[in-house]
Amino acid sequence: MTRVQLNPVGWISQLSQGEVTLLTDTANSELYQTFRNCCLAVLNSGVDEDDAEALFAPYESFEVKLVRRERGVKMELINPPEVAFVDGKLIAGVHEHLFSVLRDLLYMHVKYNGIAECEPSEVRRLSDVTATCITDMVFDMLRHADALVGNDDLNTVVCWGGHSIGTEEYRYTKEVGYQLGLREMNICTGCGPGAMKGPMKGAAIGHAKQRFRKGRYIGISEPSIIAAEPPNAIVNELIIMPDIEKRLEAFVRAAHGIVVFPGGVGTAEELLYILGILMHENNAQHPFPLILTGPAASADYFAAIDRFVAATLGPKAQQKYQIIIDDPREVARSMSLGRQKVEQYRRAVGDAFSFNWSLKVDPIFQHRFEPTHEAMAALPIHRDQPIASLAATLRQAFSGIVAGNIKSSTVAQIKQHGRFELSGDPELMTLIDDLLRSFVAQQRMKLPGSKYEPCYIINV
Amino acid sequence: MTRVQLNPVGWISQLSQGEVTLLTDTANSELYQTFRNCCLAVLNSGVDEDDAEALFAPYESFEVKLVRRERGVKMELINPPEVAFVDGKLIAGVHEHLFSVLRDLLYMHVKYNGIAECEPSEVRRLSDVTATCITDMVFDMLRHADALVGNDDLNTVVCWGGHSIGTEEYRYTKEVGYQLGLREMNICTGCGPGAMKGPMKGAAIGHAKQRFRKGRYIGISEPSIIAAEPPNAIVNELIIMPDIEKRLEAFVRAAHGIVVFPGGVGTAEELLYILGILMHENNAQHPFPLILTGPAASADYFAAIDRFVAATLGPKAQQKYQIIIDDPREVARSMSLGRQKVEQYRRAVGDAFSFNWSLKVDPIFQHRFEPTHEAMAALPIHRDQPIASLAATLRQAFSGIVAGNIKSSTVAQIKQHGRFELSGDPELMTLIDDLLRSFVAQQRMKLPGSKYEPCYIINV
Amino acid sequence: MTRVQLNPVGWISQLSQGEVTLLTDTANSELYQTFRNCCLAVLNSGVDEDDAEALFAPYESFEVKLVRRERGVKMELINPPEVAFVDGKLIAGVHEHLFSVLRDLLYMHVKYNGIAECEPSEVRRLSDVTATCITDMVFDMLRHADALVGNDDLNTVVCWGGHSIGTEEYRYTKEVGYQLGLREMNICTGCGPGAMKGPMKGAAIGHAKQRFRKGRYIGISEPSIIAAEPPNAIVNELIIMPDIEKRLEAFVRAAHGIVVFPGGVGTAEELLYILGILMHENNAQHPFPLILTGPAASADYFAAIDRFVAATLGPKAQQKYQIIIDDPREVARSMSLGRQKVEQYRRAVGDAFSFNWSLKVDPIFQHRFEPTHEAMAALPIHRDQPIASLAATLRQAFSGIVAGNIKSSTVAQIKQHGRFELSGDPELMTLIDDLLRSFVAQQRMKLPGSKYEPCYIINV
Amino acid sequence: MTRVQLNPVGWISQLSQGEVTLLTDTANSELYQTFRNCCLAVLNSGVDEDDAEALFAPYESFEVKLVRRERGVKMELINPPEVAFVDGKLIAGVHEHLFSVLRDLLYMHVKYNGIAECEPSEVRRLSDVTATCITDMVFDMLRHADALVGNDDLNTVVCWGGHSIGTEEYRYTKEVGYQLGLREMNICTGCGPGAMKGPMKGAAIGHAKQRFRKGRYIGISEPSIIAAEPPNAIVNELIIMPDIEKRLEAFVRAAHGIVVFPGGVGTAEELLYILGILMHENNAQHPFPLILTGPAASADYFAAIDRFVAATLGPKAQQKYQIIIDDPREVARSMSLGRQKVEQYRRAVGDAFSFNWSLKVDPIFQHRFEPTHEAMAALPIHRDQPIASLAATLRQAFSGIVAGNIKSSTVAQIKQHGRFELSGDPELMTLIDDLLRSFVAQQRMKLPGSKYEPCYIINV
């Protein structure tokens, strides 16, 4: 049995006795299971595998313990994966990530599940919390993760895109990251490989050339998805949000601009999320740099996306983004220009630089959507609703498919009850079907090597 | 009208909208009043005045506001006292203290009064919280104030003693501080002038000579007492605890040793508190350096204290401390030796260096004692109880007298209902009476300049 | 006319009036010309061009001036190349390099050309300086460049190899750099592209993952060669040594191990230099990790090098290095093991960690070899001499060819007087001829794009 | 025999073999003796003794050695004075000072005595160096001591005044230092006790309150005087200049203002030095804040000084300074105002903030004055010369008396040849005689405890 003890990193070294107890009750604690699994995911940093079950299978004997020591609480790993070690020593970045997991899980549990440090009584469920409250909570989680103080230079670029992309696309994401890095912008992604790693690698080189020592490579994840997208060790700030909706809100509130690279259904979910928000009438004047970009070979891909947006959300939605093909320098320059507008706007309305309070986000984008078979079947995929609402619905549909692809509990449901069925306006269903088929054909659903088996049926 | 805007310091620059709202509802908010008064106290840094009413009277028009700005929340002072300014610029140390006040009041309110950021509903009172829980809360407050991470070098010396002491005694406290500083020890006191300021000044010079850049001058206060003991600007870590009992527990859990200088009834309260704890049977083997010291002229003073302890708590209590007269170097050396024993003990029992978890503190020392006339009259000042319990009772008696001397709400009660009456075993009452009389005679109750009017009657 | 003013970096901001004068006498100062050309080379950072003339041609109007300002001496660039700018702003790394050039040229001029700050009288030529003295001078230059204080962790790996290498070889150098970086080793090269840039890029990613904030990417150059090998901006410590021999000594004294990648005649020069030194009898027990490595496709290349060494210097020379093919992890591990032996040795003989004083370097390796036609023709390329001496001779022959390839003054000589002629033992000449032919055939002499025209004739 | 090994501090850890040799040849090296004596003086930090012989007598067996170690050159102290140790550990500030001594002595020897690192041949004497050159050298020494980079905030206040002053005067110097510190000004003095220590202590507290982390307490000394005025450990930058004239120039070039406290003949020397310079016609417009200040009890003292200046140098000299009695806050405020004028002037003439290049200093103030009996007797103390020249002469006369008081070699001369004799205009001689008598009467010549025996005869 291998045992590795890790020195604590940062303030998290200091835990109260109540907090340690929460995470050492291994017998029946759901919190412990989540904690253990997130740690395991983090320890698989750099592994290109998006099948959580396959990833976890070899490590059934893996455990993590907290051990009180003179200088704080150490973490003990039992039978950890070897991949995170170099000559027997844990990679420092991964080491940090483990303590980030500890920090965020403990905080969201103690503060937002209503389980106070001492008396785990009155449980307040996240779902009960009102909309304003959710934004405050997203803010509070980011602040607690120390992600806001350094975020007031208006230089955080969120990069979205697939974890499963081709070599050429990957090289391109590095180039864009490099150009952003040369302009002293930071990168925030959802963790994982592909378009979520490339921009960070590129930016790291750009930052080095600019002697930019405050380079941030932020990864925002959530417990049910981190296993499928373990953070690369370049990520130097890992943040775990409670669920996918809070994670998406964290992205848009922390971002000063977003770049969308080619991707699959998850990327489509993200694009629909931001478009749905930007189309809210309160946000009509809100400047939000949003650039879709890829190498020359991806031109068709973006043309298809653009058509899908036009056909579903209409031309107003198209005006919210800019498509730039094969020009990393232009992407970075355009982001620089957009940043100036963001600065003007925030000054004008008195908004914080570090957190986009003034962006209006409707409750439908904030509350947790649990993709059960019933919920998926009941999605109102039709045109009898405001456009933003349709965007929200489509976002939920795609979110469910992502879950069906990679989230272990949803995968289990599918196995038991069969595929999700989606129904609605035939015209919309056809559009969706076409888009999804193209993702499958382009191998964007899952990493190459396995045959993709859809988790859904589109009833056209 | 003078207005001064202060840039935020540290993470506290980042406040959620809910938090700002809590502190801007000036109309009817008790929290705002506490906040405003603590700020006013802090702004009187360096003023030698222990009459809160006198201190506050000239500043009725003083207000403090939070203002959201691009780079965080600024604090706006309206009509602040001039004393905290040098050529029109606020002293940086005082500036920091204002944000420490904001940090601690907000945190204790949001987390421990049960008023969550969004829904100020279910108020959980501190008094309901169980004993273990209080220790966890003391820990949590210190951790949140970032006071624990730097506390693991076993070099925090808590200095207790009077705010009203003579020139010679003051010079002596500086000498002791200097010798402690040369040995790279840090100073923690209750804020205020006299014995709470001298050791810090001395240590600052000692630290400078040793190029000790991590020098900490920690002041731990609480809302009802800070006005009487405003922190000197040398204090570079100001922490506000919820009440006197939590403040005392913070002292003993954070300390690696305690030095007691001459003082008045507050100092006697503190000495009884620590002796009461150290006499608990669970703490029999617990090493805790405790040194009573003063210049040659204070020899009689300590002899009197020593006799009082002998007569009330007995010889076992006397063994818990060491009296050193007129030898600053020996005090520091002795503290160095004590530190080694503390280190051995903490390693042996696996206790944290930064927080003394293993010291047993009985609930009677933890729960808030509200010094009403009834409570004071009902104090069981007799020998029919365990010694530790008697120590606790005496501690409460002295605590009530401190409140009657300087805490504005208690002073108001006295004005309305007359002096507190204390009764009990005649022999004990005589001992107490003698001790208090000597404090009055030596001008240790209040700063010189006013005639001291006792707030109590001792029914011998 | 473009003018850019640069704020000073580091202490170099402070120059005396005498020093400024030295560099502002633009009319007839050789020092100014050298300074200007080195600056121009540095400003071409990242350009893949090894023909100095071609590189400089477009910038005839380029000038650099020193301007005294309140906060120190600024540098003013007139008509600088655009390539070093991002959106009109000079890349920070290049900015730093300009001031490194200023620092080193000024220091070597003032101190080692005997021209004191005030009276430029008694010129002491470098060539007059004795051997011990040269080592002291190499030490002094490195210390002045602040390169020694951070060099005592025994983790500086010097990487030698060609500036003109294939894609696969380049990728491999990045991999090796990454594995070294993961083990917290630093990279030192001769500046320039190819094998001198790849390891730095790889190490930068490895360091990022290890949160290794002291990552050093040291480039050591000299005035006559910097134009052909401008430092990439990743280089975060640029050092200019007086000439090629001092530069080579700086490499071996600062290194804790050397990795040799595939390269051309310059790489061969370097290999012969280190082998010649290691074969000195005083160095027989001196551990010096020396690894020749490349991807699978480079196996033949190293076999040829190995045969050349065997045939010229013999099997003892072969024992001084290890050849590792296609295994970056093994290279790094082997370097780690070697580092332990270096540590043991330095401790045993009481040598500094930061500078390899105890390595014996013969004067023949220290004094400047000026590759004139006469000097080249007179090289004693025969076996009637000790092996170390033959190594020195071969080193000089190859050094001359490098100069004939890329050093502008030597290129001009060749143009005027025809090719260098090398003569000697027919057997040796054949070996040399074969080796050089293979370099030409593999395009290792110059960057692809131009036809290589040899600057030498081998008289077999 | 006690041996203490000290780890190196800063770059000085790195010494070449030549440099180490210079300081280890203990047999016949004058440099070693100077080095050893300066170290001994530094180790007497805090000792109030101005008789070098008395100070050194107990430490005849003291030696200092350089020892090469893996991580740099260590210093080994043999039989050092105990006073610099706390519980057996050398005070960190003193530790730093020893390495400052090493740094400066080595540098001035190697660079300015012409003894290059390798060949100690062509000795260039300081006295041969021209005037411009001396200023460049003063600059170079300060730069090398890293004293200039942090000197560009225009906040260095040089404090001059006696080492032997009364308690009230000492308390006053602390108050002035405190007020300067609150305004974020730094203190530079000549090392030693009294007026050279008080302002630093006060400023340290002011800086602490302002969280001013860059507080500088600079001590500038020279080898022949350091024994009489060992630096207090608060001094965090110790600089050794070659002789008294270079030291005085270092003061005025680095200063942004000067405060003169009560003192003896040394203080008079300093005042005459700065007045002589400020009266140069080229400096007529040069703003230079110069404040003479002391507590109420010192009013007469300054009135006498003022009369002396009026009678010797005339009313124009009086206009160069401001006398402020008993108002520390006003001193600091006045210095703040003066600083603004200094800033305007430096910007206007393009002078450096960190070094006052534009102040004209005549050669007579720069060249070394060796106070032999002949030189003293020959001083032209008469009115047949320009005023500045008379100031220079008087400065030399007082300088000679300082040397006769405390410089060991001069003290020895006096012992052998009798007192210095000073002659000149009877009127001037009377003025001088009166002034010196008042210093003697006020015990300003030497520390109390010994009877002062004049080293001079004034031939009135």
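Every chain is named by a letter (A, B, C and D) in the order it is written, and numbering of its residues begins at 1.
Heads up, the rule we're going with is that a contact is a pair of C-beta atoms (placed from the backbone, for glycine too) under 8 Å apart; a residue touches a chain by one contact, two chains touch by 3 or more.
Listed by chain with UniProt protein names: A, B, C, D = AMP nucleosidase.
Just so it is clear, the model here is predicted, and its values are computed rather than measured.
Colleague: Looking at the contacts, which chains touch chain A and chain C alike?
Modeller: Chains in contact with chain A as well as chain C: not a single one.
Colleague: As a test of understanding: of all chains, whose mean C-alpha position lies farthest from that of chain D?
Modeller: It is A whose centre lies farthest from that of chain D.
Colleague: How many angstrom lie between the centres of chain C and chain D, each centre taken as the mean Cα position?
Modeller: Here chain C and chain D have centroids separated by 46 Å.
Colleague: Just how far, in Å, is the C-alpha centre of chain C from the one of chain B?
Modeller: 63
Colleague: Between the chains shown, work out who touches whom and classify the graph as line, ring, star, complete or other.
Modeller: ring
Colleague: Strictly by the criterion at the top, what is the full list of touching chain pairs?
Modeller: A-B, A-C, B-D, C-D
Colleague: Spell out the residues on chain A that touch chain C in their complex, using ranges where they run on.
Modeller: Residues in contact with chain C: 86-87, 91-93, 96, 182-183, 201, 204-205, 208-212, 217, 233-234, 236, 333, 336.
Colleague: Per the contact definition, I'd like the list of chain B residues that touch chain A in the complex.
Modeller: 10-11, 13-14, 16-18, 68-72, 111, 116-119, 122, 124, 129-130, 132-133, 135-137, 139-140, 143, 146, 148-149, 152, 346-347, 350-355, 357
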